[in-house]
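Shared between the two complexes below is chain A, which pairs with chain B and chain C, respectively.
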Partner chain A sequence: MIEIRNVSKSYNKGQLKAVDDLSLQVRPGEIFGFLGPNGAGKTTTIKMIVGLLEPDRGSIVVNGYDIRNDPIRVRKSIGFVPDNPSVYERLTGIEYLNFLGDIYDVPQAVRTKRAKELLELFELTGAVGNLIQSYSHGMRQKLVLIGALLHAPDVFVLDEPMVGLDPRSTHNLKEIMSRHCQEGKTVFFSTHILDVAERLCDRIGIIRRGKLIACGTMDELKTMATNKETLENVFLELTEQ
Partner chain B sequence: MISRPLFVKELKEAKWKTITGLLITGITGASLPFLVDYLGFLIEQMAVPEWARSVLGEQLGNYPLYLWSNWYGKNLLQFSLAFAVIMAGPLIAGERSRNTLEFLASKPLSRVQIILTKAAAGAVSLGVIILASTVITLVASYAAGRPVPVVWFMSGFFAQYAGALVFFNLALLLSTRSDDGLKAAVIAGGIALLMFAAEWVAPLRGRTIIWMMAASRSFITGEVSFGHIFFMLLLASGFLWAALSAFRQSDV
Partner chain C sequence: MKTWRLVTLHINLNFGLSVLRHHWKTRDTKLLGQLGIAAIIVLTGAIFGGMYYAFLNMTYNALSALGHGQAVLTMGVVTSSLFVVFAGLALVVSVFYFANDLDFLVSLPLQPHQVLAGKFATVLVNAYLIAAPFAIPTLVLFCIREGMGPVYWLTSALVFLLIPVLPLAVASVAVLFIMSVTNIGRYKDALRVVGLSFLLMLALGFNYLLSSAAANTESIHSILRDPEGLVRMVGRAYPPSVWATRALNPVTPSSGILHVVLFAAASAAGLALMMVAAHYLFYKGLIAGREVSPGRRLRSDEIDSRFSRQSSPIAAIARREVRILVRTPIFMFNSVAMLVILPLISLFAMVMPGSDTLRALIESGGARQTIMLGAAGFLATMGMFAPSPASAISREGKLFWISKMIPVTATDQLKGKLAYSFALTALAIPILYLYSVLVFSWSALEFAAIVVFGMAGSAPVIISNLLIDLFRPYLMWDDPQKAIKQNFNVVAGMVVGAAILFGLYQVFKAALKIGLGFWMAWTASAALSVLLALLMFVHMARISDFFYRRIQI
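Moving on to the complex of A and B:
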């Protein structure tokens, strides 16, 4: 579960307000889509959830742990996929996964089984012994996804996870997200692909200039707009106001 | 306080730097005992001013003096300073420029753990280069038929390593404030060069870290200069503490 209460974050000594008094709750067993135009505050919010940035005001609680007081426990319960799949290029794929397995204390047998399944699912088995510097952008994205799932996190946080993925891997990722939420875990992700959000998410939040302007199920969001046909219409109307 | 997985990862990533450093310093150290006769021959053949001939002749005529001054006072000194800043400069700044610092900071590791583990892994790699190349130099000296007392020669290692840690941690501090590992290394290297230059200024001569690293007292007495080593380790700890504070306060 993720609870964000009255969170604000500014840059440039308060001159640029990236997130402004944001409050929302993502429940266990829920896929939450976080939408917004470029620079709306999505990545800043995600970085605060995983403890990369400290909020100026407010609190964030993940799985009952406050990020300010218990950051290590919060990070241990999160699987995070950043918007840029930057990984250690001088390691091989398997060295990278073992590094993460060690960091999260995943037992060797569990790690091997899980890594094998995920590597097969994302068709990366043949490349796992190669140096990461030889991987394409998409392969790196897949490796980061596998690494984020290796410790079976209770909360899965993804920032633009579909960028660079081929159609099959995008499909597999969506399957994983659905399976994750069926197991009672939480998925929070940002995306610009509105079709995916519409079909996949239980609830959607729309952020604009740091403020949450809409939050609810697809049906609830449709009541807020005059053109209710698709999420794209709703999104465009709400973010234009 | 130290994260074992991160420590192992750091050692793996620094593997080629360590091997390269060891090769360069090891070959240099191994060649020193074999070059002493050739250098003497060169000085005889070349048109060297009389005063220089006298100074060089005195050094070459005293093998322990030649070995100590060329190893701890010159070659190893330069290499250990260079490798200290090259290894520490990119530790945080390099992660920042490669966008991997976010990845690392999102894992269940505290900032203190990240800095201390990186510092420890770097210090181990640096220590391996300095210690192994010193042992190679000692072995080469025996192989060249010019044995020197082992304990006496190894007594210089500790001051050399402590001094290298000062510049290593200085570069680490600069690395926490930068997103360019090369820049951090160059600034720390520049400060080391200033220290070298300070040795030419009469009031400062014999009072710099560079002089302490050469361990002249150990050369004379064969004993470890605990006072100097303590001072250098204190300074190194100060830089490490400052790096820690800077990293804790910074956004990644």
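Moving on to the complex of A and C:
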């Protein structure tokens, strides 16, 4: 569960308001899609949810823990995939996963089983012994995904996770997200692929200039626009205003 | 024109001129911080320069009495050039081969030597900063003491501008060569570190041999009888320094002009050689370095075995730090240079024939304890350098997001970094053992005492340096060298570390003064050192979470 209450964040001494009094709730067992034009405040919001940035105002509660008061518990329950899969290039894939396994306290048997399954699923088994430096963008993205899932987090937060993934891996990721929410866990992700958001998400939030301008199920969003055919039409209409 | 655009672009990026302008426009308080840091760097340079000036002044007094005052000019040029080579080598490697913008630059329609010219400009500007604390005091001192006129000022400005060019160009050619021939399979990073270390040892060893040969072959009388004897002797380490001396203090005006032209021509030749070498070797080494040969596919049982162990988060962090250090050539080279090369060169100097005076000093009873104290001091100093804990957080750079994300308290993360810093400092112990076997013949007890007291001395140095980086880590670097050598925290760490060790030494001296024996005085200062380290650690544990949270990336 993620609960964002009246969160604001600005840069340049308040001159640029990246997120402006944002409130939303993502329930357990829900896939929540977070949409918005470039520079709307999606990444800033996500960074605040996972604790990379501190809000100027408001509070964020993840799985019942406040990010400000209980950051370690929040981090334990989150699996995060950033928009840019930068990881330690001078480690091998397996060393990176082992590092995360130690950090998240994943027992050896569980870590081996889970990692092997995910490596097979994302077709990364052959490369896991190599330095990450030798990986393509997509392979790094897959490794970060596997690392984020290694400790079976209750809340899965992804910032544009499909960028750089091949079609099969995109399909597998969508499967994982669905399975995750069927297990009663929470998925929060941002994307520009409206088609995916439309088909995958239980609810969608649209942010523009730091403000949440729409939030609800696909049907609810359609009621807010005149051209209700696709999410793309709804998105274009709402973000143009 | 394109080359000039690249030069200005790189200088802008290196000194963050656009960032400063942006901070000025947005009235960002970071501007004040950056200006403050710049002021501290200038002040530190000025203090260093002042100390060097005082040393030169004493040397000048002694030499001018013998009619050899101009030898200080040669000494100044040789010292600046040596420092440029020593500090510039790692800088050249980092800027030429590991900067983040290289992939982009290679894709542009530019010749290799044009790209390299832009990179060289960055290194050169930094080399002026390295040379300035040695060159400027020398030039100023000679002017004041000899009452030189405006021609001297003009010539000295020109000489100062030329001083780093040739050593840096020669170092660049050597680096271009090493990087193009060490592209051998999966181990090229290791080979490059070995190659560069060898190059540095060669440069310092060659310099040492030349100057000691000069001292041995000519009698002190014949050196002093010839008005230029001392200049020539010092200049053997680096012959262009003699031209610089003759340009600054000419016998006749025409001789002055001739030697300025000679010095400038040598620098221009060095640059030309570098550009030619760049044309043929730069992309060869650069592109080869970016190729990463994938290893073989792991079998299922191999994957199982590699997931075999589970360890604590602190151990995992320490292991990660060591792996990244060992596999990042520029981090490794900086550590190896400090930990291995310099101690080995001085060991070499001690065991070389002709080091009889030093041996006699070592064998005398009083010096033995002083040398043991020095050895422990060396070990403690390595805590600052190997590699600097003052860059332990900075080195994470943009990957610091991982440290912010993982469910490990900041204190535990810092414990991992401390464990790693102590482990690396301990790598200096085998070198001390070599000193013991080959030179000092310490007993087992003496050697153990050196190790224990040295490591005790390193504790507050390491923790204070880590604290400095915690207060203000420099994470937005675009080439790894900036995280270590061009990181203000490292300079501040050295100053603080030196102050701590100086303070401990004063405690040791005070303990001797009040009648405690050598061993008791040593134990007292080591105990104080441990106490200081504990206090710092407790303070660090108290504030670390707050500071980690404050770092936003």
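Rule of thumb we're sticking to: the second predicted complex is superposed on the first by the 241 of 241 C-alpha atoms of A that agree within 3 Å, B and C clash if a C-alpha of one lies under 4 Å from a C-alpha of the other, contacts with A are read in each partner's own complex, and residues count from 1 in each chain.
Please note the rule applied: contacts are C-beta pairs under 8 Å (C-beta built on N, C-alpha and C of every residue); 3 or more make two chains touch, one makes a residue touch a chain.
The model shown is predicted, which means the values in this text are computed figures rather than measured ones.
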Query = Overlaying on chain A: chain B and chain C, fit or clash?
reply = clash
Request  = Based on the superposed arrangement, let me know which partner A:I103 touches: chain B (first), chain C (second), both, or neither?
outcome  = both
Query = Is A:L53 contacted by the first partner chain B, the second partner chain C, both or neither?
reply = both
Message = Under the stated touch criterion, which partner chain does A:G36 make contact with: chain B (first), chain C (second), both, or neither?
response = neither
Ask   = Which partner, once the models are overlaid, touches more of chain A's residues, chain C or chain B?
value = C
Message = Under the stated touch criterion, which partner chain does A:P82 make contact with: chain B (first), chain C (second), both, or neither?
response = both
Request  = Would you check which partner chain A:P153 touches, where first means chain B only, second means chain C only, and both and neither mean what they say?
outcome  = neither
Ask   = Once the shared chain is lined up, is A:I72 touching chain B (first), chain C (second), both, or neither of them?
value = both
Key: Touching partner for A:N130 - first (chain B), second (chain C), both, neither   = second
Message = Going by the contact rule set out at the top, does A:R111 touch chain B (first), chain C (second), both, or neither?
response = second
Task = Tell me which region of chain C runs into chain B after superposition, given the options 217-225, 235-243, 253-261 or 271-279.
result = 217-225
Touching both chain B and chain C, residues of chain A = 50-54, 71-73, 75-76, 78, 80, 82, 86-88, 90-91, 95, 99-100, 102-104
Task = Using the touch definition up top, name the residues of chain A that touch chain B in the complex.
result = 47, 50-54, 71-73, 75-76, 78, 80, 82, 84, 86-91, 95, 99-100, 102-104
Request  = Would you pull the chain A residues touching chain C in the complex into a rising list?
outcome  = 12-13, 15, 50-54, 71-73, 75-76, 78, 80, 82, 86-88, 90-91, 94-95, 97-108, 111-112, 115-116, 119, 125-131, 133-134
Query = In the complex of these two chains, what residues of chain C are touching chain A?
reply = 26-28, 292-298, 300, 302-304, 306-313, 315-317, 319-320, 323-324, 327-328, 398-399, 401-402, 404-409, 549-550, 552-553
Note = Given the complex, residues on chain B that touch chain A span 3-6, 8-9, 12-13, 98-100, 102-103, 105-110, 251-252
